[in-house]
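Here come two complexes built around chain A, the first alongside chain B, the second alongside chain C.
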Partner chain A sequence: MDNLVAKSPCAGLLPLTVGRSTATEVDAGKMTMVSPRKGHAEALGKAMQSAHGLGFPAPNSAGTAGEVRAIWFGHSSALLIGTEPADGVREAAALVDQSDAWAVVRLEGAGAEDVLARLVPIDLRLVSFPVGATVRSKIGHMSGSVTRVGEDAFWLMVFRSMAETLVHDLKSAMEAVAARG
Partner chain B sequence: MRIEGKGLIARDHRVSFTFDGVRYSGFEGDTLASALLANDVRLVARSFKYHRPRGILTAGSEEPNALVTIGSGGRQDPNVRATVQELYDGLEARSQNRWPSLEFDLLSVNNLAAPFFGAGFYYKTFMWPRAFWEKLYEPMIRKAAGLGALSGQDNADCYERAFAFCDLLVIGAGPAGLMAALVAGRAGADVILADEDARMGGRLLAETYEVDGKPGHVWVEEVLAELRAMDNVRLMTRTTVAGAYDHGTFAALERVSHHRADRGAGAPLECYWRIVARRSVLAAGALERPVAFRDNDRPGIMTAGAVRAYLNRWGVAPGKAVTVFGNNDDAHRTVRDLMAAGVHVAALIDSRHDAPEVDGVQMIRGGQVCGSMGGRGLEAITVRRTSGEERIQTDCLAMSGGWNPSVHLTCHMNGRPEWRRDIASFVPVPGAVPGLRAAGACNGAFSTAACLREGAAMAAAALEDLGIKVPQVATPDAEDTPYALEPLWAVPGKGRAWLDFQNDVTVKDVKQAAVENFRSVEHMKRYTTQGMATDQGKNSNVAALAVLADATGRGIPETGTTTFRPPYSPIAIAALGAGAEGKGFQPQRFTTSHAATVARGAPMIEAGLWYRPSYFPKPGETDWRQSCDREVGYVRNAVGVADVSTLGKIDIQGADAAKLLDFVYTNMFSTLKVGRVRYGLMLREDGHVMDDGTTARLGEDHFVMTTTTAAAGEVMKHLEFVAQGLHPEWDVSLTSVTEQWAQFAVAGPKAREVLNGVLDTPLDPTEWPFMSCGAVSVLGVVARLFRISFSGEQGYEVAVPARYGASLFDILVKRAEALGGGPYGMEALNVLRIEKGFITHSEIHGRTTAYDIGMGGMVSAKKDCIGKTMSQRPGLEEPGRECLVGLKPVGQDGRLLAGAHIYREEAEPKRTNDQGYITSVCHSPTLGHMIGLAFLADGPARYGEIVKMVDGLRGVTTLCEVVNPIFFDADGGRMRG
Partner chain C sequence: MRITCPHCGERDHREFYYKGHALALERPAADAGEAAWDDYVYLRENPAGVTRDLWYHEGGCGAWVVVTRSTLTHEVLSTEPASEARA
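This part shows the complex of A and B:
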């Protein structure tokens, strides 16, 4: 009998530690793109708050409630991560399963910010990009999502198909930072 | 010659290096220039145009003469300024622009022919015959001129780019920059202090000044120690801020590894920084200007400040009997420093009659150096005074015509500096670069105390802008000598007096430009090449325009300066392109079946960013056609499997989703039933076809659109534009699901059999007619099935969440192989669709309309859609347009070629007889001959006509019959069956 075997986007590519930074693949579980239906933005926020403990995130911010995250992902859309959307959310929003669409990599360590300074063209200093901040930006030459999940930890998301390029670019940047000592 | 007890070099770290193959030694802390001077090497280069012997002129990045090549092979680095190159053990440097050797350079005959080589020589001489320019003159001139060369091999070094952000960027770490950084650092601001030198301190390292009662370099170390201890201050040495741009953005080049023999372990050679600063302080210092006099380019003639720098910082005396020539008090310091170090000073020549006295040296007031003598280095100078000319033996002349503030960065956004008569120099205009303030010597403040004061004041002003409290920082005591000079640009006389050493431009050239009416400074610059290229006016800018001003009878402020452009000093293209070399050029997108496909030996082709298999070779196959024909056979006769995940997939939801589709597609989608798929055509606003694909209705308010691989991004952008810009009132959400689903085409008479092996519920043909869709369960996983066909056979596309893609591909292929089929690649996919007359972007290439591709009837008359109005413009619908047809060769073996043009059988193949062109061709294994799709004038009316295909590039002519573009199974029975 045939059996479908699941494979993660970065299987065989991560984890990777170079110098003072480490990249690991995140199994984020369920990921759903949530877009409020016309006129239902407020209702959606309330439904998310009551069912998942976090509201619809403001632009460039990401909320967490236990294992659940909501990351702003662009115009009128947020990625709800780590839970099945509740019925109330379903009523107020268009939902699209994205659990397999994105490679999610956690980059952490004292060198993480320096590594990203080689790949992301925006200001990621803690003062301007605190924990809970997120941005849709370029990671190398890829369109991606960058979220600060800890003082020295980031989530990086790119299209699943680009996982290899992401790891390649991260590795080069990590090596370059490590070589500076 | 090294002077004991002087200099900031590490005398206990001796390093060995070679120059033109000769071994020398120096110390850690030396530059190549200081080490060469310490070894009494004076001749280091040949000039650009005349191949004149040249020596080291300066001690900084402005050096015009001492350009050398470092290293060899792929790492060969040409045109490195010896004054910037730090010495390391094993450094290999070579001189440039000489043949066969530096000492004996054959091309120095150019120097003898100099009377012919003046300004505009090339423009006047090589005008005719015209054809000679490209074939003879230009290659000849390029060989004779030019500096160092690249190796021609791949560059083995790696480069890096990086981004940095700060509250205050301080450019230059001399007294002004250090003070600015100290004030801002103590205030708690996020500060970046960048300096092009390996060691911070600027002129304080080159002078004998005291600051705060201690030697300047000691004060520097104390300040740096304090700054290093601050978390909010980043010190960037070897980093040249090279350009100023909008919004406080600066380009900077960090030379990370040029000072190391070992460049391993991932360290880049250079890093190209983009620094965004809320405010900035420019503390770039000033550059000393030479004086133009006859033969002032002889090795041994240097700027006076450079002589002090070599003495005080590197413990090197550039000569045994030094003469000093200046028009200002600053030059007198060189005399004092040299004498204090025990170096013999033969004379001090000051062009001012009222110059202050300097004790202990023969002083010539009101004198001017008017010539130099020597072979490959200076031996004597001639000094002119009212009483006559006098010859003085000397092996080093330190000259100073005053100092030019380094205003360059303030001009990068089109600011023009203004003239200050008292210092005979240009100074920056405040606000020329928003948020940037100039401080210290680059602002015309030349004393150490003034630099310290301005640095502190400009930092304080920046902090106030940013709302940061300014701390009380005492300005340390330092010399505050007034800067007194009397302008002297060029000493009159015969012969050639150099202004621009790097580009070999003399006083005479500038005057000649004025005579020939190139009176504007910008015209003069281009005519003479003065201040061009990497020099960017550093050495000669002010002097040249002063000469021009004199020649044209205008003042210097009226004459104005040329435009200083970025970069401030040269940047390798490799650094600009860091991270984009090789496969870094663009991301690679791999499907879930990539590894299995590569393991089967399939050559991959790029489709956009995606990699797709061309074909899957089998043992014994020697030609791609064999593989392709076999794979076509799978689909026509058994079953083929292809990964089609690369097609764009867009999830469209909302009460107005159907409205959106009706608006973007030419045909109707609101009438589509749930569980059905429809082919759609999309136009651009200008009425031409943009893309095509199928859209499936999964629910009343839920569709999934597919796009072509190439246009996926463009279509998504188009839909977002419509939804956000044209109809923001609609309730519709768009999400790309291209990456969420791994999708495989299973096509052929045995497709259903393969699918039934993986579907948890077997397919009921009556429930799954052609163009149906719905949810299915594949081996226990929720999946989607679409009955669509791009091959003309019974076809399905099955989509599973991407995590299962690799696994499902293996299973489908295994099952297909068991039934006499297997995987097929892009070549077979292309053959299958051409046989059916299905279009791709080869046909909808951006210049064709729905009418042209035979789909005019798909533009619904019942509704409006994007592009409809424009598609009805007269020219776009007229009969006779080139429309889609099929072509087959008259003879069975006739060759068709894509890109070939079509003519009437009897017509001469020339432009005016052109009837159309071929877009797609293949050998059809099904039909046994080549077939093609083409656009032919009035094509559909000409089925059966014989036309002539001519490929002018490949020299092929083939007679073809015009046929219906659907070559195979015209009624579509096979794909519906």
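This part shows the complex of A and C:
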């Protein structure tokens, strides 16, 4: 049997530092799309709370509990990251394994907001997009997810197949921001 | 043009895909008769004023949204999730 080597979505593309911002790849581990079954939204929230320490996230918000994250991911869906879904969650929700489906990039530094202002059609300044806020929106021309994970740090997610475009767009924006000094 | 998604809030219209008049919400019953079905399948309104459209939030949360807007002023009057809207 051949010994296959797992390759991450941004292998060979990151890390990248330009000016006052840095992009690095995140190995998010296990990722599962969680969608409540009809009439089970409340039960799902309770199951997630008791098993993983965080409830089903409200629209445009993300929660963390230790190594586990739950990011709101669209109409009736959230991404549970960093753990296998517990049995109670399985009973209340439809689950889809997304572990290898997304490129996850951490963008941080004093220039991160300015970089994203060039790519995302949303006000992502700290005053309107605090830590724990998330959006599904466009990153450049791609559908993606943006979450603020720290005062000057974001998680950006796009489909794995678009990792190279994401890094290209980020690099262009980072260079343009850096050029302005 | 800005559209308020019922889940995400106010967003730029580039995040949305335009489907057209919210016809799917007005589907007649199977036994509604030939005239009703002829109207549903073939006859279209072209209003100068308030109209009701379906938009898909494809660059966002993935919800279908019913948008009530004016073709005269481009004003968006109201929005609601298609899952809760019925004609």
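Rule of thumb we're sticking to: the second predicted complex is superposed on the first by the 181 of 181 C-alpha atoms of A that agree within 3 Å, B and C clash if a C-alpha of one lies under 4 Å from a C-alpha of the other, contacts with A are read in each partner's own complex, and residues count from 1 in each chain.
The rule we apply is simple: contacts are C-beta pairs under 8 Å (C-beta built on N, C-alpha and C of every residue); 3 or more make two chains touch, one makes a residue touch a chain.
From a predicted model like this one, the values you see are computed outputs, not experimental measurements.
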| item | value |
| --- | --- |
| Partner chain(s) touched by A:Leu16 [first = chain B, second = chain C, both, neither] | neither |
| Chain A: partner with more touched residues, chain B or chain C | B |
| Touching partner for A:Lys138 - first (chain B), second (chain C), both, neither | second |
| Which of chain B and chain C A:Arg118 touches, first, second, both or neither | first |
| Partner chain in contact with A:His75 - chain B first, chain C second, else both or neither | both |
| Which of chain B and chain C A:Arg160 touches, first, second, both or neither | first |
| First (chain B), second (chain C), both or neither touched by A:Ala65 | neither |
| Contact residues common to both interfaces of chain A (with chain B and with chain C) | 75, 77, 121-122 |
| Residues of chain C that touch chain A when the two form their complex | 7-9, 11-12, 14-15, 57-63, 81 |
| Contacting residues of chain A [partner chain C, same complex] | 59-60, 74-75, 77, 121-122, 135-138, 143 |
| Parts of chain A lying in touch with chain B, wherever the complex brings them together | 2-9, 33, 35, 37-39, 75-77, 94, 96-102, 117-118, 120-123, 125, 127-128, 140-142, 158-165, 168-169, 172, 175-176, 178-180 |
| For the chain B and chain A complex, residues of the former touching the latter | 158, 160-165, 190, 256, 265-268, 274, 276, 579-580, 583-592, 609-610, 651, 653-656, 720, 724, 729-731, 733, 735-741, 757-758, 778-781, 800-808, 811 |
